[in-house]
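Have a look at this one before I ask anything.
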Amino acid sequence: MAVLNMVEAIRSGLADEMARDERIMLLGQDIGVNGGVFRATDGLQERFGEERVVDMPLAEAVIVGSAVGMACSGLVPIPELQFLGFGSQAFHQIEGQVARMRFRSQGRVPMPIVIRAPFGGNVRTPELHSDAHEAKYAGAAGLKVVMPATARDAKGMLLEAIRDPDPVLFCEPLRGYRLIKDEVPEYEYTVPLGTARTARDGDDVVVVAWSAAVVVAERAAAQAAEEGISARVLDLRSLVPLDTETLREAAAACGRALVVHEATLTSGFGAEVVATIQEEAFWSLEAPIGRIAAPDTPYPIASVEKLYVPSVERVLAGIRQVVGAAP
Amino acid sequence: MAVLNMVEAIRSGLADEMARDERIMLLGQDIGVNGGVFRATDGLQERFGEERVVDMPLAEAVIVGSAVGMACSGLVPIPELQFLGFGSQAFHQIEGQVARMRFRSQGRVPMPIVIRAPFGGNVRTPELHSDAHEAKYAGAAGLKVVMPATARDAKGMLLEAIRDPDPVLFCEPLRGYRLIKDEVPEYEYTVPLGTARTARDGDDVVVVAWSAAVVVAERAAAQAAEEGISARVLDLRSLVPLDTETLREAAAACGRALVVHEATLTSGFGAEVVATIQEEAFWSLEAPIGRIAAPDTPYPIASVEKLYVPSVERVLAGIRQVVGAAP
Amino acid sequence: MIAGTAGGVAEPRQLLSPDGTLADGAAEVLDDEALLSAWRMMVFSRAFDERAFSLQRQGRLGTFSPVNGEEAAVIGSSWALDPGRDWVVPQYRELPAMLRQGYDLRRALRYFVGDPAGNDMGEGVRVLPYQISLAAQMPHAVGLAWGLRHQGLDGVVLVFFGEGASSEGDAHEAMNLAGVRRAPVIFLLKNNGWAISTPVSKQTAAASLAARASGVGFPGELVDGNDLFAVHDATARAVERARAGEGPTLIEARTYRMGPHNTSDDPTRYVDPAELERRREFDPVDRVRRYLTARGLVDAASEEALRAQVEAEIDAAVADVEGGPAPGVNAVFDHVYANPPRRVIEQRAAATGEG
Amino acid sequence: MIAGTAGGVAEPRQLLSPDGTLADGAAEVLDDEALLSAWRMMVFSRAFDERAFSLQRQGRLGTFSPVNGEEAAVIGSSWALDPGRDWVVPQYRELPAMLRQGYDLRRALRYFVGDPAGNDMGEGVRVLPYQISLAAQMPHAVGLAWGLRHQGLDGVVLVFFGEGASSEGDAHEAMNLAGVRRAPVIFLLKNNGWAISTPVSKQTAAASLAARASGVGFPGELVDGNDLFAVHDATARAVERARAGEGPTLIEARTYRMGPHNTSDDPTRYVDPAELERRREFDPVDRVRRYLTARGLVDAASEEALRAQVEAEIDAAVADVEGGPAPGVNAVFDHVYANPPRRVIEQRAAATGEG
């Protein structure tokens, strides 16, 4: 097995699938000669040609919307949003069209689209580039939302998402593109959607997270261990489908839970996780489920983003609080 | 006091404020001569002129986006989305611009905008017209989200929203436009944002709802009473600000809670309510908090919408379940 | 240089005048067989509009948007397609074009009476479902056309939208991409004067919407949208260009909405009756009738018979459909996902009482 | 009629040729005082670009998008405004226009080094903050212009956007509304050939983006964007029209991005060096220098002095700003809401340790 960082894993996933299935088309801004502003598609245009790796005009709604029509023609388009924050320009095409065309057409129009979108903080980007909008898309029925936290999962779930006949929003953590490195099999493999991953074992409290927040949770759990707290870390990996069973088991086993995400607190997906846990495992809960998230303010200027994005310290404090909570 | 239906209350609220403050401008599709497709602005163009009640081109992003610039010029625009579902076309302008301009400009650019948007089911509209997207907007930091359930609150909160210097998304239940009727004071009054309303008293279980779902909750509570269940109904009235104190008190008093909303279950605002209640009142909870919502599927064709939108029967069943729940 | 009013000043191209006289040489535009089938669809469409309204008033049908007044624009254009390889991407007011492509009238009615199954266009029928989100279908049409071409197919795509929809960002993004990709797509803009109650004068300051084509790099043409021949001729040339790989065309068909926006609209609130009367002189169906009568191809008796025939067709279809089973809770869950999340499977089980 | 390539063919209007000779009668376009202050800003802008890059490389500055190559387009246009009543609505590459309006250099630097307070344009300064969301500022500009006019003010609005942003739906929706409302707004489209790595040839098939104006009902003009006089002249006429109530104008300024997209971009991956060299001949600053030198208004010595002067200005501003306090957690909460929800107040208290 080779150690790859996340962007390399994604690139190799795209390359493998494009080689396997010539119906796959990549559409996005600067993904061709430039190889994507983060190099996620570096070399792909050279290898697969300008007709399959297409630099699109600067218009998110039609990057996504034309993919809907392409899918209808029998192709498998993978549109890229240069940043998830600019998915808002295509929100009507994603929630109103991509997510519903299969239902609207009674299954006649296939919609195997995968929308790739980097997001997430602490990489000193300008305004609007770091926003974590996953909860807004998780509420778009008909769509699936995938948020890998390791290079291995990034490739395995990307392949799974491409092969899944349902449309998938595939969110990639900017911070992890280079910082997250792990072993990625050379052989062909996929990782099913809707199965959470236990990133670290523990039985005092389960810390639920996804995408780059998993790394923060793991660090906090490691520090908690030094204080004698056994924190399990559960990587959801996909929000839709949601692995309610593993959530139940983990919450039942630990009796205490904390959810961590980069998005703002109110109406973030952490709320769904809390609601689901207490529905599934209420009688095993020994303390209120905690949430560590960004405050309910827009993503701030880079100079203060570290005070905004949930830090190891804040997560550790959350762990202590949940573990210490008593009537 | 006169008994008005909701659309009359909103119309009178708009008229009163426009008479009081000439900076107010109404922008929307078909709001002029036609008086709005639901007559919410009937007669207002005649009274206040074509310059203040403006029929806009068919383009939601610029209906909202031009309001941002108008606000910057010192006016108080009230853009109308003909249906909340088409707010998705303006999502980038709402979450990225309206909600952030004040923050971005360090308070220099005022943003007293109120975006009016009807939504909600069981009125036999075509596809996309009934969608309950409130949770997606409640997650847009910088914005406030108001969802009245009575004619009195509709007018009082509309006035409050217009006078509030922060931008507000004001969601109006289509179903309530004519069906919801109650006493509306002739004198000038406002209803503060962020204060929930106890629509019905009770102490076995609190049913939390907003907008048209409150009526469904009240009916279910009335039937529950016949079964000897004392169900309190709490009308949140605004999602942002969220009245966490009243939620805590109600949950603490009843020990059991059920949330009801028209939106799909996953990532709906009910999750935020559940998460908040268990954060605020965990130790008083005697049972898992229930959620009654639409299934995680797109709003269906009108002929079956009654099977999709939470019904009195489903809410009643939810009440029974929450009240009966035991380890 | 000033490109201020480019393309805005010219008059819409007309071949068949309101009095039914055809311009010299225009007869080749539509051979008699095509002409008569178009005429048949015009008569059918008028009859269906009326029936849909009466059924809706009786609570037997959902919301419906009549074609009334726009028959030449919808039929003239779609008659230029080859249903065996070309596609129609509708908004919601183009039933005749969908039927021409092979969409079954019974499916159409099934959808209108409330069964989503009717929204399945059918095997091999090259039509996308109605699009309620204005202009949202335009990016789809471009991607579809591009996708066909990418796969070496020679199909072209005809996408319909109104002058109201033309104000949406999606309209611009789609047309601009089509220009860049030289996609084989025809943008058929039906300028019927109204977006519900909003007149075109409040929709845009452009003298002609066809002029938008120059801003995205392909030809735009302004035609009399109530002229079956002019619309067909412009579309046929656009189809030829598209098939030959010469890219997209924008056609502005100037027509007029002679009825209400849809079954829940009350146009008396905003339409001047005198104006409506004036417009009736330009009725696209009367125009074809005059021409066919002069040519001796149609007379009162034959139209009577045709009318009776289409009414009977509609009767039969309505009877079939109303006889059919009413949709149940499955209509809430079927076809949402190919591989539904566990939670949706549980929700379905609960809803169908198997939970 | 075919409006296919209307307005697309003409050459960009030029008054000052690359060799520095000015067309007859064009001298009135800019009086010497305005001309020299524009020259001064050109020199300043080049110096600031360089400084910003070196500071960014040293980690003392955040992301920055240089003006390099587009000075004539940015300065020539904004010099036609009256900062006392007119507004500038920027994208993110128009600092000189913002400074001209009264935005303080120290505030600008404060923002770049990471203090959001610098994004407050200042009391009475008629400029909106940078807009990162491409074309999202265009609806704002239209609403602002409309709002000023509605209140009987005679200010006009100059909004900047790139040829990339022109592909966004917001660009179309904004221009179309401006036409309908005859809003006093000037759309200054800087076509610099690139959207990051995407050449204009992949952005649109339009021969000229100025042609888009005809599709929304107002004049469009194509000018040499590296010609200070041509840009200024076109803008001045557009300002006059707007102030006189004659509505909007679209100006396509053909220019060229001579540097990287921004401090994190590596153009060597996609820009042909030969092409870049060829473009240098058309450098907008060299052109003005040649003209001023020929007129005897500038020489090597005076430019040297000017350069030293602006460097000193920048030194002083940098020193001040870097001396200032670093932003703290308040920068996360200040100005989000005028009346913050209780939850936000609690979050702030917790974050500031008062919780």
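Note that the chains are named A, B, C and D in the order they appear, and that numbering of residues resets to 1 at the start of each chain.
Methods note: contacts are C-beta pairs under 8 Å (C-beta built on N, C-alpha and C of every residue); 3 or more make two chains touch, one makes a residue touch a chain.
Everything quoted here is computed from the prediction, not taken from an experiment.
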Taking each chain's centre as the mean of its C-alpha atoms, give the chain farthest from chain A. C
Pair sharing more residue contacts (C-beta pairs) when A-C is set against B-C: A-C
Whole-Å distance, C-alpha centre of chain B to that of chain D, is 40
Chain B to chain C: how many Å between their CA centres? 36
Chain C and chain D, separation of their C-alpha mean positions in angstrom: 43
Touching at least 2 other chains, the residues of chain D are 116, 119, 133, 167-170, 173, 176, 180, 202-204, 336, 341, 343
Which residues of chain B are in contact with two or more other chains? 56-57, 59, 61, 86, 89, 92, 96, 103-104, 127-128, 141-142, 240, 242, 266, 295-298
Contacting residues of chain B [partner chain C, same complex]: 29-30, 32-35, 37, 55-61, 86, 89, 124-129, 265-266, 295-298, 300-304, 307-308
Touching residues of chain C toward chain B in the complex: what are they? 62-63, 92, 111, 113-116, 119, 132-134, 164-165, 167-170, 195-198, 202-204, 269-270, 326-329, 331-333, 336, 341, 343-344, 347-348, 351
Can you list the chain D residues touching chain C in their complex? 1-8, 10-11, 13, 167-173, 176, 179-180, 182, 202-222, 247
Of all residues in chain D, those that touch chain B in their complex: 89, 116-117, 119-122, 128-129, 133, 136, 138-148, 150-151, 169-170, 173-174, 176-177, 180, 334-339, 341-343
Which residues of chain B touch chain D once you look at their complex with the stated criterion? 25, 51, 56-57, 59, 61-62, 64-75, 77, 92-93, 96-97, 102-109, 141-142, 144, 164-166, 194, 240-242, 244-245
